[in-house]
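Scrolling down, you'll hit the structures one after another.
The same chain A turns up in both complexes below, where it pairs with chain B and then with chain C.
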Partner chain A sequence: MMRTLVAGALSLLLPAIGLAGEYNLTVDRVTIDTGEFVKEGVGYNGTSPGPTLRFKEGEEVSINVTNNLDEMTSIHWHGLILPFEQDGVPGISFPGIKPGETFTYRFPITQSGTYWFHSHSGFQEPEGASGSIIIEPEGREPFRYDREYVVQLTDKHPHASERVMRNLKITPDYYNRKQQTVGEFFSDVSENGFLSTVKERLAWGDMRMMQADVEDLQGFTGMINGKGPEQNWTGLFEPGERIRLRFINSSAMTYFDIRIPGLKMTVVQADGNNVQPVNVDEFRIGVAETYDVIVRPKDEQAYTIFAESMGRSGYARATLAPEEGMEAPVPGLREPARLTMADMGGMPGMDHGDMGSANKMAEMPDMDHSNMEGMDHSAMMMPEGGASDPFYAKGSGLVPTAANGGKFLSYADLKAQKPLYEEREPAREIELRLTGNMERYTWSINGVKYEDAEPIRLKYGERVRFKFVNETMMTHPMHLHGMWSILDVGAGQWNPIKHTVSVQPGTTVYMETEVDAPGQWAFHCHLTYHMAAGMFRKVIVEGGPESTQAAFSEQPSEIGGDV
Partner chain B sequence: MKLWMPLIASAVVSLSVIPALASAQERMPDTTQRKQPLKVWGAQFEELEYRYSDSDEEIGVWDADFFYGTDNFKARWLSSGEYSFEEQAYEKLENQLVGQIPISTFFDAKAGVRFDTPEGPDRTYAVLGVAGLAPQWFEIDANLYVSKDGDTSADLDAEYELLLTNYWILTATFDATAAFSEDREIGVGKGLVSTETGLRLSYDLVDRAFSPYVGVVHERKYGDTADFARADGGSTEDWFVVVGARLSF
Partner chain C sequence: MSLAKFAVAAVAISMPLAALGAGTHGGGHGHSAKSGEPGKASDVSRSITVEMYDNYYEPEAIEVKPGETVRFLVQNKGQLVHEFNIGTPDMHEAHQKEMMMMVEHGAIQGGKLNHDMMEMDMGHGKSMKHDDPNSVLLEPGESQEIIWTFSEKGNIEFACNVPGHYQAGMYGEVNFN
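Here is the complex of A and B:
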């Protein structure tokens, strides 16, 4: 009797809610062929990466996830704003999905753009358990395109993830084959002189830090939409068409520098949120970030999408062509980056005075932001002629430059198309020092690994300002679940709205969050092996509307079982 | 019977609502693996080699390390030995069981026991040591030993890797042993006992799991230890050509 009543009430409600879509995903053991090696992995609906889920803004989705593995699984909807029990992090949002079980996620789609989904259980994600999400907006988009493709990047490694983790723990430079050699010593000597080279080597040796420590995990094959460089994923176009490329970096560990020689790219969206269009020649995509770009190839020719890893140890490659089978030249890899002392700027005990004005830009909260907008980047060039970007330490060895000498996208270029929230002062600032010990391969926040950490407590309704201070020599893509990360690029209310914020070595980066989602959430570095080694926090949002709890008890299946 | 129904119903309702409320406001404890310390195991042979000496002696040598544990504590079994093919006997056979904890950014402390069971008299020692990475990339391992009879000794191992390329590696090793009291039965004199200096050129053939190498090793005994060796008809200085492989699983 009750049940019929509830069902009746629900069916009455449904039309009011609008669209309701049902989707099915199976989590399966799959075979992944990179063209260079074949590996067992985890995928969705029999493939890795999994399918593209197409939602519509305003839709109420039900996603039935069937676990065909012999271990627990989960799906996290990366970047989606939803009730916390639907967020898919075992131990934080729900218990997980048992082998053989089907779990139904139910949540309203309240946003649009390019996102992705992945397992949050063990190492299933680097093993292949990810897929893309496209959400069509309710309204009209502020840009036009004739065709669209998802370009999902991954860094497939021949080793099983458990073994990668173990190797990194035992020998942190296990996979680093870009280290400085005797040969590099002599070439540095001939370039910079014997004494200064020796001095430099001694300074680094004294810290027991490696200038070559840019990419922990080398030896991967870069993949685009499940295809290795030789397998060459190809997207077709008619000359003159506008193509929207939805780049998703679902790599475990790899940042990619992306360019399409011969084409300008117009960046229109970052992390699913529209930005004021920026024309670039190249951009760097952090792990877990997404960027939507529009390109307009006019000629009847093939173009290579070239995604070179930040550490220059590997690449992914795909092709845009008028016809299947056409190819364009594949560029070679550039020289690997070397960290500089500026990248060590955040290390405790370092003499900051020596670092010059390293990263003053990001360090001054009260700076006149209006100056940023028209900032002349050429004026910020280093005296040595090195490139500069306010989101890298001044004099950093990691600052990217475009291969063709043109424009390389900076975070500073990202401005929201439309502010999502009203601009207001944050209630408080929370400092998160990104810490670690490369020699022990321990990664932590404020020096504390997740296993020993208390949750971060936020209050529903407040706006908080997070201050990331990167004290390590590695880049960390920090991802807060459930709530937006408003990256402070100095554009005030036009600051871009992101879900993943890259923090470069030796820099301080601020982001603000409107705490508008009750419950508990994960907050972590999205580099798989940094997260697993402890760079992770639970965030608890205290307080919040009753309705969440009501919605919560309506779906007992989420909390039932072994909580 | 009917009286019970609402009671049961309300109990069921409150039971199902309470955890929901609780987890919305408070934390559901994270009991997943993520919240547990990361456990790591390893099995490595730093040296596994055949040595051929300038006096035509042939010996097999290993230096192995098996461990399991977390960042905060590791249990280690360290095994090393020298087997003479000619005499078909262990010239050296050492096994250590130690617990290891971090004491600074780059160094760990170790404590445990060491069992020496070569051909001849056996010894048991208590071990206290430090191991880690010194400035300028020197791998250091220093230990203090106290035997059951109260004889004390110490050793120091240092290692440096020179990257000729990212796959060809020249490894220099230096080991020194000193005794603070004499143990004549096993041929150890007071003072500097012996040194072993090695230079090995390796190539990482399979990741860092299998790296074959060739090299030279120089062994020398000093002071009373050298005198004891001479008296026992042994040599006090040897040069070896070595062929072997570094293994890591």
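Here is the complex of A and C:
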């Protein structure tokens, strides 16, 4: 029924186009072998991750998705601009795909670049239901390469996702093995009299903070293209060739710091949109982000692609080599990052006026500096090496540094290769405080979780500015469906166009959106268990061309909770 | 920007130039030993128009005869600053370090050149002036000519050494026949 309606509407709207492609995906129970453990999961066409779908800009695609599971499923085309009924979020875009049913997605491809697709039902995505999308541009690429590989990262946990969520709800630090940083840090501080001085201002008891919060899910195996570190996925090359690596982080919870010892990487694309090339030694990829880099190995040797988790609790590893079977050394894990006072800068219960940053704290007039002697200032106020990055709180312990002392990519380095929209003033600003209570493992926006929240209403044709204020100690990759997130890096019309924006603890990040897609859309943190806990909003775009206005707005939202 | 930082920058920028100079066995033209030398208008056998886009050239390969003198009409049709530089891959690599410094000091800003910054005295009589005879650096919309006499056969590329551009593929082959 749904199918015929959509097809009918599309055939009226779209002129006949020569370029059309039909694709078939089955959603299947699969077995996933990480090399360390074997678990049951969900995949596409019998594998996890699923296949790479190759589209061409300008093409009209039909994708037949057959649900072989005994539960509802869905596919969301992450980062693709399309009619909202095709976006694949149950309860927001469509009802979902029933067991045994085949649903046909139909939409025009209006963009190019590296993207991915995944289930938006239950915990199917962390269970393995994702795949990659490559879209060739109509014209030439603004760069050259001799060969390309998708490098799709996942974090496989031995426990089923339902069980992980239950455990996190009961004992939020269940998967937190390090059990140190913050507690250890504060015990040091307290011995030195610092804590007593600022105790009241900190409102310590209200900080709702757990220990070692850099990652709330440890104990996973990092995988690249479905291979664990020992299984070592290998991409072949001829020395001297330029290789385009399309990195996709389809992990449930894990940020990765990626490097290829011995090779510089030139970042040419972020979230499917070309950026002005940046040469880096290492970069951090947030959950749901993509980065395309070009590398040029000149020597007849193997190179390790090393993806270390942000909290240093695990890694994924793959190899680039002239021949199958060649290997390069695999680096060890670096010391875990330590959160600092700065990373708690946005925590509720703290006096924002005075405690907004570590710098301000150091200047607090009533602090007894004489008692601070013997404190390890470098550990507390500054990350190792005094690195700074405007997208981390001043003095944050999370600021990444390159393992070889070289260049680590910052959001501040990302500039659009070609502006997608004309610069204009946003009509209004919408503040979204990213909130949570670690002790109860609740995650929310503006203190309200999805089930209890009113949708965000936008007007078709307006440009809005979103202000993210991260009041938690976790990094949140915020993903708006259907419309681009223009990340404010201070570059005006050259601000990069993204689909997922990471907001670090204790920071405020701005992005702007041209509201050019009618209908209703999902907007959420892409960390699986944060999303499931309620860090999620429905966005309703009011107005727009009549034929495409929200047809599902009266639909009950309970299925939407099934994300 | 501190004075100390400028001093460091000045030393660093003078190094690659000095190193290249030393390689020419006392010859006058810094780059002549490898890629050729500035040519005379009277020797020009033909003209080649090279268009620079973000971030690639059209054409991406040219054919020349050993010793031929060619007039290049270089046009920047992109929205970013681009360079057209004739040299060997090693020369390009050395020049990329200088260009990186120009970006770090704000002499190159996306689609703009800051000429005041480029003229600034970096100490030791050096500036970030981009005046090598084998190269032009152009803002969007600008055009410039280079008359170049190619050496005998060699591994020569034309390249844009604005940071990241060469690595992303903004280069073209010079094929001798």
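Heads up, the rule we're going with is that the second predicted complex is superposed on the first by the 465 of 563 C-alpha atoms of A that agree within 3 Å, B and C clash if a C-alpha of one lies under 4 Å from a C-alpha of the other, contacts with A are read in each partner's own complex, and residues count from 1 in each chain.
The rule we apply is simple: contacts are C-beta pairs under 8 Å (C-beta built on N, C-alpha and C of every residue); 3 or more make two chains touch, one makes a residue touch a chain.
A quick note: this is a predicted structure, and the numbers were derived from the prediction, not measured.
Within the superposed three-chain model, A:P400 lies out of touch with both chain B and chain C [touch as defined at top].
Of the two partner chains placed around the shared chain by superposition, chain C is the only one that A:V268 touches, whereas chain B remains out of contact. Within the superposed three-chain model, A:G79 lies out of touch with both chain B and chain C [touch as defined at top].
Of the two partner chains placed around the shared chain by superposition, chain B is the only one that A:E542 touches, whereas chain C remains out of contact.
Using the contact criterion defined above for the overlaid structures, shared-chain residue A:G519 touches chain B, although it does not reach chain C.
Within the superposed three-chain model, A:P336 lies out of touch with both chain B and chain C [touch as defined at top]. Shared-chain residue A:P390: touches no atom of chain B or chain C. Ranking chain B and chain C by residues of chain A touched puts B first. In the superposed pair of complexes, A:G122 makes contact with chain B only, with no contact to chain C. After overlaying the two complexes on the shared chain, residue contacts for A:R296 are found with chain C alone; chain B is out of touch.
Those residues of chain A lying in contact with chain B across their complex are 90-92, 96, 122, 159, 165-167, 169-171, 174, 177-183, 202, 205-206, 208, 219, 437, 439-440, 442, 449-451, 455, 518-520, 532-534, 536, 538, 540, 542-544, 548-549, 552-553, 556, 559, 563. Of all residues in chain A, those touching chain C in their complex are 140, 142-145, 242, 264, 266-268, 276-279, 294, 296, 415, 417-418, 491, 494.
Per the touch definition, chain B reaches chain A in the complex via residues 16-17, 19-21, 23-38, 40-42, 44, 71, 102, 105-106, 133, 135-137, 162-167, 207-208, 248. Residues of chain C that touch chain A in their complex: 53-56, 60, 79-80, 110, 163-165, 167-170.
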